[in-house]
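Report on the following structure.
Each chain carries a letter (A, B, C, D, E and F) given by its place in the written order, and its residues are counted from 1.
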Amino acid sequence: MDISARNNLKGRIKNLKKNDISAEVILDVGGQEMCASVTADSVNRLGLKVGDEVSALVKASSVIIGK
Amino acid sequence: MDISARNNLKGRIKNLKKNDISAEVILDVGGQEMCASVTADSVNRLGLKVGDEVSALVKASSVIIGK
Amino acid sequence: MDISARNNLKGRIKNLKKNDISAEVILDVGGQEMCASVTADSVNRLGLKVGDEVSALVKASSVIIGK
Amino acid sequence: MDISARNNLKGRIKNLKKNDISAEVILDVGGQEMCASVTADSVNRLGLKVGDEVSALVKASSVIIGK
Amino acid sequence: MDISARNNLKGRIKNLKKNDISAEVILDVGGQEMCASVTADSVNRLGLKVGDEVSALVKASSVIIGK
Amino acid sequence: MDISARNNLKGRIKNLKKNDISAEVILDVGGQEMCASVTADSVNRLGLKVGDEVSALVKASSVIIGK
């Protein structure tokens, strides 16, 4: 499946934490750190673990420019 | 001002286009491309132009993980 | 690629309109109408056209409940 | 109140879980499953429970197209 | 209809502009300015015009704190 | 840093709650209440506490108009 989201950044999972509902996934993306808040169920369903090569997908309308 | 958004990626503007309402800002972020949809007014107010060093700010709840 | 977004609704494109920057994609999803605002570039890149079977992907944190 | 959000999908609550801060609401929408991440306070305030007929409201700018 | 979105700010429309697809609605909210990017179709459907008393609805997960 | 987000509402923190992952920040904005869902880590990193003068930042594309 190809998707309309314009941002697809390749990275690696550095850290993961979750409780019964929420999870936080910390990525290394070319030396910069990214953080994704997803549901704990998504972490379980995708079987995410530290070291996995993943994509950080972001819709262009969710990006703010700071200068 | 420091902000709660967990993603702050450093990049450089590669391309910019806008009409009377909407604008699209294309960034180079460590060799990966990013795209931000912002209002034309924001591009004008910040004086954005190709070559500017900027930040791409994204709230963690807007990041989807693909694997 | 499997993604963390929890909503993946199957539908068919009923209508499409775009200008130089922005586009609007109207879907039929099991008899209910959905609308996606995406960039014109995404419509072009995916080659979207009326009649296409597509998925409407939405992160759970973007869904509001009305009662 | 009528709202500008372009997506208003009618569904029924199939499952609900929450902790002290976060909640997850699982809906059946015409045979397809949807998931909404909302605050536990919203679940309490709206008195949401399994079986309720509700609407899943999504702004068009939050919808990604997959093909 | 009551909704789960935790932010419901009362304001008045100060300015409106739109093209064939996109629109921008500028509000006065207790002396502070707000801006909403919505589709031109939503402006037409709701019949929005300068002077209207409206609500600016925002999901809590879309709010960033700056300090 | 100046940012492209069009909404920057000045307020004061009235209440705060968090668990190990998620947090909720309740603000008073000119007499109206706002709520931000952020990560617990952001609350810790910014040192947020009741009484702080802060900004509620919202991208225009995240605002829904209700009438």
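Just so we're on the same page, contacts are C-beta pairs under 8 Å (C-beta built on N, C-alpha and C of every residue); 3 or more make two chains touch, one makes a residue touch a chain.
A quick note: this is a predicted structure, and the numbers were derived from the prediction, not measured.
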Touching chain A and also chain E, the following chains: B, C, D, F
Superposing rotation of chain B relative to chain E, computed on C-alpha atoms, to nearest 5°: 120
Whole-Å separation of chain centres (CA-atom averages), chain A against chain B: 17
Centre distance in Å when chain B and chain F are each reduced to the mean of their C-alpha atoms: 21
Centroid spacing, where centroids are CA-atom means, of chain A and chain D in whole angstrom: 22
Where chain B touches two or more other chains at once, by residue number: 1-6, 19, 21-22, 24, 35-39, 41-42, 46, 55, 57, 59-62, 64-67
Footprint of chain D on chain F - complex, ascending: 17-19, 21-24, 35, 37, 61-62, 64-67
Chain E-facing residues of chain F, complex: 5-10, 24-25, 29-32, 34-38, 42, 46-48, 52, 54-67
Interface residues, chain C side, partner chain A - complex: 1-6, 36-39, 41-43, 45-46, 55, 57, 60-61
Residues of chain A defined as touching chain D within the complex: 1-5, 19-22, 39, 41, 57, 59, 61
